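First subunit A sits with subunit B, and in the next complex the same chain sits with subunit C.
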Partner chain A sequence: MNTVRLVAENEWRLMRRSRVAQLALLILIALSVIATLTSIAHRDGNDALRARFQAQADQEFDGQPARHPHRMVHYGHFVFRPLPALAAFDPGVDGFTGSTIFLEGHRQNSANFGDVRQSSLLARFGQLTPAFVLQALAPLVLVFIGFGVVAREREGGTIRLLSAHGVTAQSLIFGKAVALGRVAALMLAPAVAALLWLTLMEGAPVVAALGLGLFYAVYLAAWVLIIVIASSLAREARTALMVLLGLWATTVILVPRIAPDVALTFAPVPTRLETDIAIQRDLRRIGDSHNPDDPHFAAFKARVLKQYGVDRVEDLPVNYRGLLAMEGETLTSRLFDDYAERQFAAERKQGAIVAAFGLVSPAIALRNFSMALSGSDLDGHRRFLKQAEAYRFDIVQRLNRLQAEAVTFGDDSNRNKDPEAGRRVRIDPKNWHDVPDFAYRGATISEKLESALTGAILLLGWLVLTGFGVRIAIRRLEAAL
Partner chain B sequence: MTTVPTTAPRISLKDVALTRGTRPVLRGLSLTVNVGEIYALLGGNGAGKSTTVAALLGFLKPDAGQILVADIDPVENAERARREIAYLPENVALYDQLSAYENISYFMALSGTEPSREAMDAALDDAGLQPEARPLRIGGFSKGMRQKVAIAMAVLRDVPVLLLDEPTSGLDPRATADFNALVTRLKARGTAILMVTHDLLGAADCADRIGFLAAGQIVEEVVPSKGMDVLALHHRYGEVAAA
Partner chain C sequence: MTSLIRHDLRLLLRQRIAVPTLVLVLILSAAAVWAGMAEVARQHDIIARIKPQQVEDVKAIRAWVSKDGDAGNAAYYTFHATWDAPSPLAFAALGQRDVAPFVLRVRALALESQIHEGENYNAEMALPGRFDWAFVLTYLAPLFLIVLLHDLKSGEREAGRLDFLRVSAVHERALWARRIGLRVGLIAGGLILPLLVGGLLSGAAAADLLLLSTMVLLYLLFWTVLCLLVSRRGMGSVANAATLAASWLTLTLILPALALLAVNGAFPVRQGVELTLAQREAVHSGWDKPKEQTMEAFFRQHPEWRGTKPVEGGFHWKWYFAFQHLGDLSVADQVRAYRHGLEARDLWTERLAFVLPAIGTQYLSHRIARTDLTAQLDYQDRIRAFHKRIRTFYYSYIFNDVPFGAEDFGRAPLWSGDADRR
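On to the complex of A and B.
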């Protein structure tokens, strides 16, 4: 048996006999198992609920009686974002962004401009999920179990005896790291089981699940090395403990709290109220379709009349009011899209600033990586908003087209004066059935990997950095022996 | 008091000079310990006794001179030299959470041997540790009991060199006598033993030679004999230690 393995086996035996280590590990594994079970149950329940609500909303839309198409535009429609299977492992921002949007004409879903989506708030969460247990609690428990692995040998004097029995600084440090790595592997086990379950039973993408398992292992490995380094460099075990607790509090608690505020300072996002006011101002600037002197809509009318070769809107083969609604929707949607894109850009900038803090906090790097691969990051939410908006625009324009093609201009103009006209403008409800249901397309695995790349690189960087730290610790320990 | 010539030494220090920080500790120290010989190195605090042991183990590098342990230079090859040495520090540091058997088994495995339970029992019998204590965690062991465990390790390793650093400090007279008897048994197996100690009486009881260390060098070497005037020797030691 080689020396590293002997040292590791002995340390593992000592840990098994330490009540503190046993208790700490037991609590963490219990938390991890509970988090896994509740997260899976929560996600499954939520997903089923959303699917049921979506089906209900679709049914209610389809079940509307004969109506004027524009009434249907304002009747609106609800869409729900289905939860990806891996959200059971890391729900990410789901609980903060919401997953339901009401779609109607002339206005984009307000979630696009909601204050709650500001990254500063989103980054401050700590639900009991497998991801949270591994990101925040596992390193803390590792610190408590491992702070003395080398320092205790030094304090107790066994380090000299070990050296006298041919144990080198390198084999001592490697052996301790292997033993602590074993503890980390035990901590990871429930999460790996959860990932396996989600892959086999709930159709989670294999590559994403593998990536999560692998990089959580990288994260814990980096912590194991950090702990062994601190324990080797500290003169006393309690010094190592204080240093490691400070490091944990800084990188897991403090920096993730500060980073979003820094991001908000350097990439401010207007509040919802500011955005609403700005949009109203710009809407007025676009023009008023009801005002015959409005330059934009006057030009539009002239263009339509010319296109159809007629002099009056009454002579058009289609309902001019429907065309007008389509044009108005196009303009307002373009404006909303513009604001949404600006908002998205600011959020992406905030996200990049927060991600850069992964240089000083592996917890941030892992969090971003984890949410990206789980499909529960802000990109995923933005994808939902974009698809919901595209769907809204499509429904509204379909209904506007129905108004233009299935309702005459005369009936539309007289629907409030002439009861017969009012009856005729209420078109066949089977038209509502022709409106396709909302089908959310989640990120592909390559898109997820692309989003997760920065976090992955930073985590690997941390592992390499701790590798250098280990070399320094070995040299320092060699000199001390 | 006679100076004794040494032959075939297992431990050899020749004109060793060693500085710790800015303080010269060893200043041309020369001594040898032969096969089956106990050499007691006595000296006052700061005379360089523990430094000598650390240098033999390769923990400290001398500025000048030559050190050989079983013909291996610990400066050049500390790891190989340590494989030839059994070392008992003043306070035997073992793992409190492990039993005597487990401690022995672990350290033996590190040295490349895996002794059977019978072999461990035989060594512990030699060392004088009661059988009922052997499966117990050594957290509750006295210093003497710990030393017995460490001695059992030395017996099992069957190495040519044994270094003892203040082995009897803190032991009661009975435990000291037991310990000296144990060391004498190891000597009979051919082990070269260097004992760093303050205990002149113990040294006179079991050592073949006693070296007085002062200011980093042997100032006097004596061979204890029956009927030796221990009081005079004690007086002389006091003078050396005070020098």
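On to the complex of A and C.
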């Protein structure tokens, strides 16, 4: 064990004297700090802006004048997706998904105004966030600093000298790994500080922050070991550098781009336009409200009349038009849910295919893990879409019920002919106030952990795999000594 | 001369790393072109697929609307499909077409609540960016070039051949020029060849292909010069490789990411959300305003309908479509400001393209392929023009109180596709 520390101290001293290593580490830490500061400011700004817009939308809804309830169904409501605190660490897909949806009767609108669509193609180069710095840049800087740790000793023949001093292959490799691990720890430091800040000052969940810190460390540890292995197996430092650069470019840059192409081929998703048409078509098949002889609505009418024991809709104690609106909304909403579920299923399949690429790219495994724990993955967006749709259905049905109960059938039918009836169908605006505001519920910590599980297992698998690699490297080095 | 080149080629191919590198360039570039073409074919398929579906949808609306021929119902319920077909070169740089819709339906109602609609796409798939030819060129080609050029001189020195080479070569400069030219040329060939094949298959314009090929050469030239500058400092092969890879990291990942922070920070575009919130207020306040006031404001915009029969009773489509349009007009300033914000972002990206080669290749290839923000805005302009034609078409029935028959559905303006592209 003592020799391990000796080797580590020696290497560490060497690194500290190397201007290149110093510069590389300094740049990375500077980038990490810049990324952290801008990312926190960006998240806070965006979240505040969305909260302000949400408050404005709530206020405008409550402040609407006396109206026919169906006018309010079309006036609709805007909901905004809040940003979780840890999105400052890893914004995930937030920039790629719209953050606001307009909710109205009979229609399901898309989430709009995502950052990426509003940016030039610069956005596709990748965003500078703490997560990006650690996922993509840190391993490469580790490669620059560490590709020669063992190979250099072999090339220079100093390895025999070390061996003569009683340094075994094992303590050499462990020592080098410890020294490089120190560099990795320094790289991790700004991110840990960021996580600490987000936990203490912005209420980020402790378990999630802890998990992020831990598994980013696992990821960097795996890279440290990969670098030491490559450096031990390669005959020349240059070969080690080439192999490591190739490995980095493949697993961090290339595979993450190819994986979605594969996923999209195997699980295509129809466009909004097609889904829209399909829903309209299905709706007509179930019950066409424009057709006076439609069997579904005829049966509905018969059922309502029987329930209230009357013969004509005019004799109902409630406004039949309101009941009809509720029935119509139930049908459309069911189809919306149906099609959304189909789309979500396809997306989950795509996600699973990409996640499987985590077997060949630890960067993918970490990305999925990181987004899941930060609450900025697609699951989070889907949660927003589902809750927004549930809220849409709820407020529309409340308004439809108001039409059924607070507006008489006679007035409703004559509202455009008789100005008095037209006045009476405009009900008290206090009713708008009674409609509850949208409250987004983010993923609970157990839900986050559940979706982060695959990534975590893959990362641990990578660590174990590199552990085996280290054993092979030790054996090879022993033979060379 | 040719025999010398052939000799150098033989030497190059004998290197352990050269053949795999060159083969990999060709494979990746060809695979990217193939993947891009598959994606473009998928987009064409979707556009072809929606046309009959759209016809069916209109037919179903026609069936009940034409019974009483209320033009307002036709205008309210009928959607009109628009699409933005990929350009012949879209396969090379797929760009923003995965995050912005290339098919969108609009109807005669207020446009601002329709035109910003998004597409159903899996954001996690879009996050890392697409694997296309522009990606292979911008990110991977410099890496391959570095692999082949970083030890050109230092490798010979380390092998102890440098002095011999210097003595034996008649023209030392010519020797290096030959060796460098050979390497750059082979990589350029690996990049350009698949592009040309893809371009010919897709029917791309020769001038565009020439422009892209020139861009490839210029981009490789930049990296070659950088490689030479680094190797002139007389460091070993290892130090050369590390320095060059660090430059690559800075130029293709770090600086563009910092540029994005700067550009988006300098031009916030929150007007998008603001204008949709404001437009809804404007449209819906139309229900509560005196009808005469609304009609007067509308007639000021459209004096051609002023003389038509006045609006009476509690509801009339004339009044309804009038306040829909007035809702759009009320946010015209914000729409313009939003647009200016987006254009400023694009303009500054263009300026950065002159400074940073990686942004340069991305910007130029996406501009030529018409898959960038400008192309997206151009599509929106065409939708706006189309929406105006649709409104005008229905107005003539609604304001003249002309019944809308089954055959009138066939008279509605059709999306002219890409004919009137800017």
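In the analysis below, the second predicted complex is superposed on the first by the 464 of 481 C-alpha atoms of A that agree within 3 Å, B and C clash if a C-alpha of one lies under 4 Å from a C-alpha of the other, contacts with A are read in each partner's own complex, and residues count from 1 in each chain.
Note that contacts are C-beta pairs under 8 Å (C-beta built on N, C-alpha and C of every residue); 3 or more make two chains touch, one makes a residue touch a chain.
In this text the structure is predicted, and so the values were computed from the model without any measurement.
Undergrad: Could you tell me if A:R342 is touching subunit B, subunit C, both of them or neither one (first, second, both, neither)?
TA: neither
Undergrad: Using the touch criterion from the header, give the chain among subunit B and subunit C with more contacted residues in subunit A.
TA: C
Undergrad: For A:K386, decide between first (touching subunit B), second (touching subunit C), both and neither.
TA: neither
Undergrad: Check the residue A:P65 against both partner chains and state whether it touches subunit B (first), subunit C (second), both, or neither.
TA: second
Undergrad: According to the stated criteria, A:T100 is in contact with first (subunit B), second (subunit C), both, or neither; which is it?
TA: second
Undergrad: Per the contact definition in the header, classify A:F53: touching subunit B only (first), subunit C only (second), both, or neither.
TA: In the superposition, A:F53 contacts subunit C only.
Undergrad: Taking the superposition on A as described, I'd like to know which of subunit B and subunit C A:H165 touches: first, second, both or neither.
TA: It touches subunit B, and subunit C stays clear.
Undergrad: Touching A:A24 in the superposition: subunit B (first), subunit C (second), both, neither?
TA: second
Undergrad: Over in the complex, which subunit B residues touch subunit A? Could you list them?
TA: 57, 59, 79, 82-83, 85, 87, 89, 91, 93-95, 97-98, 102, 106-107, 109-112
Undergrad: Write out the stretch or stretches of subunit C touching subunit A in their complex.
TA: Where subunit C meets subunit A, its residues are 17, 28, 35, 38-39, 42, 46, 49-50, 53-54, 56-57, 60, 64, 79, 81, 95-96, 99-101, 103-105, 113, 116-131, 135, 139-140, 143, 147, 151, 237-239, 241-242, 245-246, 249, 252-254, 256-261, 263-265, 269-270, 272-273, 276-277, 280-281, 284, 287-288, 313-315, 341-342, 345-346, 348-349, 352, 358-359, 362-363, 366, 372-373, 376.
Undergrad: Touching subunit C in the complex: which residues of subunit A?
TA: Of all residues in subunit A, those touching subunit C are 20, 24, 31, 34, 38, 49, 53, 56-57, 60, 64-65, 67, 71, 74-76, 78, 92-93, 96-98, 100, 102, 109-128, 132, 136-137, 140, 144, 147-148, 237-238, 241-242, 245, 249, 253-254, 256-261, 263-265, 268-278, 280-281, 284, 288, 290-291, 343, 347, 350-351, 354, 371, 377-378, 381, 415-417, 419, 422.
Undergrad: So in the complex, which bits of subunit A are touching subunit B?
TA: That would be residues 1, 3, 6-7, 10, 13-14, 17-18, 156-158, 160-168, 481 of subunit A.
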